[in-house]
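I have a structure I would like to understand better, so I am pasting it below and will then ask my questions one at a time.
Labels run A, B and C following the written order; every chain starts at residue 1.
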Amino acid sequence: MNNIVRKFSLVLLSSFLSATFLFAETLRVGMECTYAPFNYKNSSGELLGYDVDVAKGVSRITGYDIEFVCQEWDGMIPALLANKFDLIIASMSITEKRMKSIDFSSPYRFSTGQIVGPKKKKMNLFNSNGEPIPNNFNGIKVGLERATTYSDWFETVLPGADVKLYDNNESLYLDLQNGRVDVIMTNPMKAYLKFLSKSEGSRFEFKSPVIDEEKFFGIGVGIGMRKGQADLKNKLNNALKYLINTGELETYAKKIFPFKLHQDSWGS
Amino acid sequence: MEALTGWWDDFFWGSKVVAEVFIASLGLTILFGLIGAAAKLSNSKIAKKLAAAYTVIFRGTPEILVILLFYFGLAITITSIAKIFDPTVKFIDIPPFWSGTFAISLIVGSYATETFRGAFLGVNQGSIEAAKALGMSQLQLFIYIRIPEMWRIALPPFGNHMLSLVKDTALISVIGLNETLFVAKQAITVTGKPFTMYIFVGIIYLGFSSIITLTVIAVERYGKRTTTVK
Amino acid sequence: MNIDLNLIVESIPEMLSGFGTTLYLLIISGFLGLLLAILLLLMRISGKFYLDFPAQIYIYIFRGTPILVQIFIIYYGLPQFEYIQDSMFWIILREPTGCAILALTLNTGAYVSEILRGGVLAVNRGLIEAGSALGMNARHRFIYITTPIAIRIALPSYSNDVVSLLKSTALASTITITDMTGIARTIVSKTYAPYEIFVSLAIVYMICTFIIQKFFGFIENKMSNYTKIDSDNDK
């Protein structure tokens, strides 16, 4: 029964969308370009990743042409506000704090954080309820990327922690490996795929449960845009719903992970 | 060095961008330097004050800060200015290539202002008087006497300015310009070999510096071709 | 274009908290760089090929590559090798401040050695010949004649290099150091107001540059006392 309803709304949706398919205006999309496997460049200079696929899918469905612009993470929102690009599709979590300055589409990926640290060091950072034990963070150097949900979480929950702020994700992993920081907090999906399951990461493991407090991580990652563009937001949301309901979003995720990265309920 | 395979062409395109930024900023730097020097040498108090402010601001501010400021602020400023003339203008965006080029040209241009000013002052007074005695117009005086002597004096320090230009290009990677350092960061994401990549970038820039230095030596020699060695 | 003046006033104290770090980087790198420069200078003017040539290569490399690249090679590149992490150098290289000072020192050392060499070469030959006529050996000539004059000649260029060093410390923010620029970038990433923050930061740096230039101007004045025409005595 549910299936029929879904297929019917799909037909309605696609006819509605095709009616709006008139112009080929170009939207510039901002992303880090150094955040594998979500948005990165391979050696042939091609942009690949989950965010890139989402951008291309949305472009195809809405009829907008897109152009990619690479931007360092801590300047992502200022650059959007300065009109360097029109959309942020860079695994940016939808948080209250960010919603004060920009608008988001509906979510297209889970947003969670987890702490990674060396196997050799015994660390008892969280109790059995999944809450952090502040005293056990003493003397531990934490690496975080500037202006991320992870740095926000740390600033609010563990303000006394010894934190070092990095410009990009890769530097985080590099310094974890060479021991400049003891732990990092970052996206667990990427951490597992690109690090822990590989030889470089064999000496490391997760040191915390998955943290997904909505206050810091929002309901997921979404497409960021400047405020006051309700029309654009609707088009993007409809496009995302289409991708979710047709299973296309799942194929993007399955290219990299053996599971999907979104909730089906986001499609309605 | 196998880490580099597959990335050679990306570094090549990155180097091309460095060359393009260099040529564009070289022209702008010479322009800004000449304007600044002219302002400082002129009789107008206002021009002198403006030129002094120009040199103080751009010699006293870190290059990376100027680049970041221009990237975020320039577009907003120019749009505001453009709106005065044409209210229908929605937005003028300046791509990182031009905000970065403009930024480093202004910075090195402020040093070039001092260099050019000193060079113009170093032109042989006797030659100038002789030219005036011969009835040359101001323009002829400028083209045939001032400029030829001036660029010969300015060349060695200006060679250093050109080296600064090339090296400052690496800073523009911070605002997303796809030159060699930015390519290196992308390559590191995929290969995880920072030393190899950054050393390679260093070698590329060393290559550029060497070309510039050798060119300056050759041009100096050309400039001295009619003088006898003392 | 509305400028949030409140934000500027609020953030200046926070940025100035990084001033200590900036000053620390400047003074330590400046001092160590000067020592390195003197060493390189002596190698360059020694006349011995096996000293001159390596110094020339060193200077060529460090003046020919961007300082940002040098910082990245030292901070991110070196740890790629496992044995660096186990060696005694790791004490310095582990800390970003150590890496920044190392990179800045190596860089400024190359530039300053050339400045000093320019000063040495510009010393009037006549004065040196007078020294040897008076029976001074090469070492005495260098210490008592060349050095004081060379310092005075090189001082303007050296002050320029100190200003450059100050500006280069801003790059330390790219390797997690919380100097003034690092703090400013963090504030910008939270407040999304790049214009206001960066302009105030620029003003702070300009004031520092002004102080450095005034300081060296004062020293230049003191050193040039004996070359000034003392009109009072011409009575």
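Just so it is clear, contacts are C-beta pairs under 8 Å (C-beta built on N, C-alpha and C of every residue); 3 or more make two chains touch, one makes a residue touch a chain.
Computed from a predicted structure; not experimentally measured.
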{"item": "Contact distance in steps, from chain A to chain C", "value": "1"}
{"item": "Chain pair showing more contacts of the two, B-C and A-B", "value": "B-C"}
{"item": "Whole-Å gap separating chain A and chain B, where each centre is the average of the chain's CA atoms", "value": "39"}
{"item": "Chain centre separation in whole Å, for chain C relative to chain B (CA means)", "value": "22"}
{"item": "Shared interface positions of chain A, touching two or more other chains", "value": "75, 78, 82, 174"}
{"item": "Where chain C touches two or more other chains at once, by residue number", "value": "76, 80, 174, 185, 194"}
{"item": "Chain B residues counted as touching two or more neighbouring chains", "value": "68, 72-73, 76, 174, 188, 194"}
{"item": "Residues of chain C defined as touching chain A within the complex", "value": "76, 79-80, 85, 94-96, 174, 176, 178, 182, 185-186, 188-190, 192-194"}
{"item": "Of all residues in chain A, those that touch chain C in their complex", "value": "74-75, 77-78, 81-82, 101, 146-147, 164-167, 171, 174-175, 177-180"}
{"item": "Chain B residues within the chain C interface of the complex", "value": "56-57, 59-66, 68-69, 72-73, 76-77, 80, 163, 167-171, 173-174, 181, 188, 193-196, 198-199, 201-202, 205-206, 209-210, 213"}
{"item": "Sites on chain A touched by chain B in the complex", "value": "33-36, 40-45, 69-72, 75, 78-79, 82-84, 168-170, 174, 200"}
{"item": "Sites on chain B touched by chain A in the complex", "value": "5-7, 9-10, 13, 68, 71-73, 75-76, 91, 93, 174-176, 178, 182, 185-190, 192, 194"}
